[in-house]
Amino acid sequence: MIAAKGVHKWFGTLHVLKGVDLTVEKGDVLVIVGPSGSGKSTLLRCLNLLVIPDEGDILIDGVKVNDPKVRPEWVRQQVGMVFQSFNLFTHLTALENVVIGLRKVKRMPRADAERIALRELERVGLADKAEAYPAQLSGGQQQRVAIARALALNPKAVLFDEPTSALDPESIREVLGVMMKLADEGMTMVVVTHEMGFAKTVADEVLFMADGQILERGTPGELFAHPRTDRARAFVSQVLG
Amino acid sequence: MGIAAGAAVAAILVVLDLGLYGLFDVDYALRILPALSRGLTATLGLVVIVIPLGFLLGFAFGWGRTSHNGVLRWFSTSYVEFFRSMPPIVLIVFTYLITLALLAGNERFDATELAPAVSIVALAAHSGAYQAEIVRAGILSVPESQREAAEAIGMTREQIMYNVTLPQMFRVSLPALGNEFASVIKDTSLLATVSILELTFIGVNLVSTLIQRGGNPDLVFVVWIEIAALYFVLTFAVSRILHTVERRYRVPGLEAPQL
Amino acid sequence: MILIRGAPSAGRAGRRRDATIVRSTGNLTATLVFIIVLLVVLDRLGAVSIPFMVQWWPFLVTPAATALGATTIAFVVGFVIAVPLGLVRAYGPDVVRRKAPASVVVAPLYGLTTGYVEAIRGTPAFVQILLISAAATRAFTGLPNVELWAGVLALTVNTIGYQAEVFRAGFQSVGQGQVDAAKSIGMRPTQIFVYITLPQSLRIILLPLTNEWIGLFKASALLWYVAVRELMWAGNYLGYTQVHPIEAFFLVAFFYLLIIIPLSRGVSYLERKKRIPGLGVPEPTRPRRAGPRPAASPAAPGP
């Protein structure tokens, strides 16, 4: 459903993405792992056009979207994103955070928007915190609201950029729980993470990235138990102990 | 930086063009330059007096603001709030008038010499209030733990101030202090109203001469634009120097929050 | 200072306080008392004449109103013009860097705006006033109260330079993460600015903007020199023409202090009250007039 073909990206003279290909089928969970600086986040951000590839194509349902004729805003309505630093709108309550996309982007009337927003907040278990401001919420709660915000727009897929890296262990469990529930419900997800447990349990496919390239790909079983490249082997042993 | 340079070049070109079109008398501009540079030197002299004086006051009252003594704190706070709320021109003109009035007919003190001096002190007191706030912010930015650690290794209060607090304070306050110095340069222009020799005063005289002699009234603008340009060069130089000093003494992690 | 303690919790245990409110109004009261005592003493000594002050203080009211009016008109007009300039300053470089087609218009606009702002902030307000007053009074000679309007024009030109910087800093202080998040839910750039950047900036720029008004008000005193009958002119009249400089100074000081101090305290208080948890702003330094100007640009600590 989402595909990247031959994607290259330079930041100045730094060649960050060196010809990356990936495909995600509907309902699949794709997890991307790898050392820091490997370009994982950049690749993820290419998928919703927060970063525009210098070469290559991004395709959603077969349609090339990194095309000047395609409005990036439309793409982002199809593909949502959850950030490492949550990025909730600090001047809005949790409910308003979720509502704003529905009202301003989908042009919904307020009543409908609030109904849907509350439903999403319930889905992540935070309906009682609807009137709280982000600063009054814990990290785990903020991230769950961020997930609700992304889900409210009913996207075809959601991208997760290290969603738990900024959280304490308890919050990590909360958020991963929500993500697993989402996966069970059949949401298409692309997740960049260091949480190997999550990858092993939930992923349909795992990509190992280093130095701007995808060095290995396979099911979690294959990749974690029998990594083929040296780089991947080193990484796996380091991370899984 | 490139943009600034480009803008400056553009400005100069614009002015020269205007000169070619007879709108800006470049000739006249050059003729008054010697007189203006005399004013510029005088302005620099004033700045050299006002800033250190202001710093002394600022340091005293800034420290007073953080004192444990309630009366000292009240006094310092009142000083700072008063001088920050009064327009500097009011301070300058009234200290001048009051000094003249009080010393009129006094044989020992020459009022006409003393009054301008008092105005200059008033300006320094004004700057001092702002520097006090900068000093206070600097002092507060050094965590209590630093002082405790210094005490724990047996330093005296003076040693702590000199070796621990001051160096850290200095780096944090540098940008704000530089800003204040540029402000003082601009404030000295107010001293012209009490006939103290400096750049703006020269301008005022040139303008009144032009008007009295019935000369070309457009030349008035030449005067003021040239004077403004000279002030700009001064403030620009100060901020550049400051930047260099900042970079030289930079300690990673010890930067002021982006003010 | 008067410390007001809330009801102490059970037990005396010395230093334990439940609620301690430091009233800086106590500070203010002490100062007022001090000034009144000072005045009375000086009056007894024959140095000042309280009757003079009592007789003449109404004379300052209309000029004070003129000063307030001139300041506010200049401020409001300046506000309207400075917001788009702040926009250009904040987002101009980005537009150019992205090589968007609008760069053709934006790049020179950015250069001009930067030149304008730097010129205003790098030169004394006094010189600006002298220059613009000379030009405006000549250009509009027939106009009634032309000196006043020329002065207002000069103040406007001045405040635009400073307000543009306040806005620029405000817009830029909204974290990139906020903008990324807004993009990721499909908001268009204009929407992002109106619903995310602007509301967050407004809370951040409130204090610097008020300080700017105060600075402008202090600068209005300079209009005295170009024949505008405002507060400083009135004080000078009493001090010089009526030969009571000390009394005049006290009166003028009262007016300025009474207007400025409550205002700055009021804003600090409001700022603290209406603060959205998480949208803090560190104490900015003051922007000043008759000269000075720091780029009043507090940064918002990100989440």
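Each chain gets a letter, A, B and C, in the order it is written, and its residues are counted from 1.
The working rule: a residue touches a chain if its C-beta (ideal position, glycine included) is under 8 Å from a C-beta of that chain, and two chains touch if they have at least 3 such contacts.
The structure presented is a predicted model; accordingly, all values stated were derived computationally and were not measured.
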Leading the contact tally is the pair B-C
Taking the mean of all protein C-alpha atoms as the centre, the chain whose own C-alpha mean lies closest is C
How many angstrom lie between the CA centroids of chain A and chain C, rounded to a whole number?
45
Centroid distance [mean C-alpha coordinates] between chain B and chain A, Å:
53
As a quick test, compute the distance in whole Å between the mean CA positions of chain B and chain C.
19
Touching residues of chain B toward chain C in the complex: what are they?
3-4, 6-7, 10-11, 70, 73-74, 77-78, 81-82, 84-90, 93-94, 97-98, 100-101, 130, 133-134, 137, 176, 179-180, 182-187, 189-190, 192-193, 200, 203-204, 207, 217, 220-221, 224-225, 227-228, 231-232, 235-236, 257-259
Where on chain A is chain C touching in the complex?
48, 50, 72-74, 76-77, 80-81, 83, 85-91, 100-101, 104-105, 133-136, 142, 146, 149-150, 153
What residues on chain C touch chain B, complex-wise?
1, 27, 30-31, 34, 110-111, 114-115, 118-119, 121-128, 130-131, 134-135, 138, 173, 214, 218-222, 224-225, 232, 235-236, 239-240, 243, 245-246, 248-249, 252-253, 256-257, 260-261, 264, 282-286, 288-299
For chain C, which residues are in contact with chain A within the complex?
175, 177-178, 180-188, 191, 195-196, 199-200, 203, 276-279, 302-303
